[in-house]
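Read through the structures below before going on.
Two complexes, one shared chain (chain A), two partners (chain B, chain C).
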Partner chain A sequence: MLDVKTKSQDSIAIIEIDGEVDLYSSPALRKALLEMTKAQNKAILVDLARVKYMDSSGVATLVEALQQVSKYEGKLKLANLRDAVKNVFELSRLDKVFDIYESIEDAKKSF
Partner chain B sequence: MAESEQENFLSPSQASEDSSQELDYLRSKVSDLSSLIETSIIINSTLELDALVRLVMEKAQSVMKAEASFVMLLNKEGDGLECTVALGEVGDQVKKIQLKIGEGIAGWVAQHGKPQIVPDVSNDPRFSSKTDNSTGFQTRSILAAPLMVKDKVIGVAEVINPLDGKPFDNDDLDLFSTFCRQVAMAIENTRMHKLKMEQQRLQHELESAKIIQESFMPESLPNLANPQFSIAAKSLPAAMVGGDFYDFIEFDSNTLGVAVGDVTGKGVPAALYMARLVSDFRQHAQRSRLPSVVFESLNRLLVERSRRGMFVTMQYGILNAEDGKFVYSNAGHIPYIRISNKLKIELLSGAKTIPLGIAPELEFEQASVQLKKGDFVVSITDGIIEAKNRAGEEYSLNRTLDMLSKSKGTAEEMVESLIADVQAFSEGTDQHDDLTVLAMQWN
Partner chain C sequence: MSEIEIKLPSDPKFLKIIRGGISHISEICGFSSEESNAVTSAVDEAASNIIKHTYNGAKNKLIIVNFRILEDRLEIVLRDFGEKVDPETIKSRDLNEIRPGGLGVHLIKSTMDVVNYDNSFEVGNQLTMAKYLPGKKEK
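Entry: the complex of A and B
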């Protein structure tokens, strides 16, 4: 099961995900992200601190949101990646595609 | 049906005057029990949640002889109650009401998980007049009980205003609580059933995806006339179809193109994406013998029709059998592994870009490596290195390299031994992702 919570802080939309992001659970994340991109949120931050595992369905969900925000010149950033999730991004060079930060604070400063 | 059984069971003529009160009591108990049995029949025959709750509440309301009733269920966030079914004159208006946990009698019952009799709401500070104010209904007396599943509150049911004017008593509370246990169980069963149906649908989808995927893999290895090549490949789809593929392009007897890729996601969308990708790749590969040029045009195409963020990691290389030169590009895939016949092992990490289908206007590079006679070039997908054993450890790239450096013999033996080793490693676990290995040797 995936728990997706959204909140707004300093005009940044923050999504906190808790659980494993895979084929079954990624639609919940997609729904939350699409709500934000439909509203054309300029600054979206995804907090992955509680994500132990993410498969390619999860990564694709984030790629889709990234493609959406780039259409209206918004920004989507990721923070707090655990090693297992970081590996998924590094292995496929997606760390070059996403802006990835060590902490929420670092990410917030960068917007 | 219940009424007539009850008449046969005890008729007034059988009873003495003194015990007539007790008989009435017993008769009403029998009627209650009959209603409960009817309720359980309804519950077992209906799986449509709203219809089911409505039927049970209609029964409850008539047995409890109440003016109105409703069921509120905990919302997804778990911080409020939403009305599922409301019966009575103003039922439709009540259905729009939402309460926070702790708000009103229903909110209190949800918070504490305890049933409550409220004989006169005007004397109870917990009562919220929100519903009455918006509906014009006048609540006088309430019997409320939590809907519990495994000690967790999932909602609250209430019956309101006894028709006979007598306040609800402890007998009513016992009976209503029994009703509520059944309602809770029914709701839980319906939810579980829905979940199971959804899983079955997905399983069915995955099976069709597997068939589509398999139909796009080469049926056999290229029939190479040139003895300087030997090649082997194997792809084992997981039960949940990943989207791995491999392909060969035989340009001429001296030039062989090999591609391995992994489409994101699973199921039918991934399988369709892969099927289209493979046919596009075959077409574009005929237009240029430079892997970087093929990737550039393929990437543009995939970005244009990008859906749901799907992308593909892929590597494509062309081997020239005359001079042993291998030219390759890598889009976000695990690097090629080169194994020299003196058992030196290295990763060909050049020309690596991000996967295809993500960003437009991407420039692709290519790298080349001069093979020595007897060298192998091996390509794998992440299903190999991410295969897990029972302890949850990954097979890892290191184990892969170790295994490859130990294998001797032909390309086919190399492919078979690596896959067999991964399967032995992850024995007793479900295969999580597709396993694909391709090996070629230049002689």
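Entry: the complex of A and C
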């Protein structure tokens, strides 16, 4: 199962995901992200350190959230992508669309 | 030739079983970690597409996955018994278009050396994908 935790630090809404994001589990991620975008969180940071696998439905969920955030001029950033997940973003050419950081600290400083 | 067959219901909760299988088989075939991840992703996307598009989300339909280690390639065949899909309509999406969805076919085609959709069966569809083994790719 996918474990999705949310917390707030320095006015940044951080979402920590643990597990594999696929067609089965991506609705849980979508629900958490939609709650954040409905609340119009201006700064959302997705920590992917514990995500070993992400399929296109997971990527689509993040794209949808990015589009929602841009509607109210917020920011959504990604951090700690493992190689397998990074490859999916690169193959989809979405590594140029998302702001991706090597660490949570780097991402937090960028807001 | 070594052949492994998995039969499973079209429930997304079983996709992990397919990924576990193909990941292990890719390692046996000698693919690098990066190639193995990409092949795993391609097979997972193909199975997900069957669940979403061929079975329209029904969880109790049959998917048969065959993994075949051949002399020069790893071949994966996914068979479904759902709505027929016109291969002409299965296209990678324009990557310049930023929108949710439609990336699965791109991930499959960018990874696999052979992708062949066959809807000539009386019922359902068959997708055959292959990746040449390291050092065996045709020049």
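Assume the second predicted complex is superposed on the first by the 111 of 111 C-alpha atoms of A that agree within 3 Å, B and C clash if a C-alpha of one lies under 4 Å from a C-alpha of the other, contacts with A are read in each partner's own complex, and residues count from 1 in each chain.
Here, contacts are C-beta pairs under 8 Å (C-beta built on N, C-alpha and C of every residue); 3 or more make two chains touch, one makes a residue touch a chain.
Predicted, not measured: the structure shown is a model, and the values here were computed from it.
Asker: In the superposed model on chain A, is it clash or fit for chain B and chain C?
Answerer: The answer is clash.
Asker: Tell me the contact category for A:Val97 with respect to chain B and chain C: first, second, both or neither.
Answerer: After superposing on A, A:Val97 lies in contact with both chain B and chain C.
Asker: Just to be sure I read the superposition right, which of the two partners does A:Asp10 touch: chain B = first, chain C = second, or both, or neither?
Answerer: neither
Asker: Per the contact definition in the header, classify A:Tyr53: touching chain B only (first), chain C only (second), both, or neither.
Answerer: In the superposition, A:Tyr53 touches chain C alone.
Asker: With the two structures laid over each other on chain A, which partner does A:Glu20 touch: chain B (first), chain C (second), both, or neither?
Answerer: In the superposed model, A:Glu20 contacts chain C only, not chain B.
Asker: Please work out whether A:Glu73 is in contact with chain B alone, chain C alone, both, or neither, and reply first, second, both or neither.
Answerer: A:Glu73 contacts neither chain B nor chain C.
Asker: If the shared chain A is used to align the two complexes, which stretch of chain B, 115-123, 223-231 or 349-357, clashes with chain C?
Answerer: None of the options clash except 349-357.
Asker: Chain A residues touched by both chain B and chain C?
Answerer: Shared contact residues on chain A: 23-24, 55-57, 59-61, 63-64, 67, 91-94, 97.
Asker: Once bound in the complex, which stretches of chain C touch chain A?
Answerer: 11-13, 15-16, 19, 33-34, 37-38, 40-41, 44-45, 48, 51-52, 95, 98-104, 106-107, 110-111
Asker: In their complex, what parts of chain A are in touch with chain B?
Answerer: Answer in residue numbers: 23-24, 30, 55-57, 59-67, 91-94, 96-97.
Asker: Can you list the chain B residues touching chain A in their complex?
Answerer: Going by the criterion above, the answer is residues 202, 240, 242-243, 262, 264-267, 306, 308-311, 313, 332-334, 352-355, 358-359, 382, 433.
Asker: Chain C touches which residues of chain A in the complex?
Answerer: Checking each residue of chain A against chain C gives 20, 22-24, 53, 55-57, 59-61, 63-64, 67, 83-84, 87-88, 91-94, 97.
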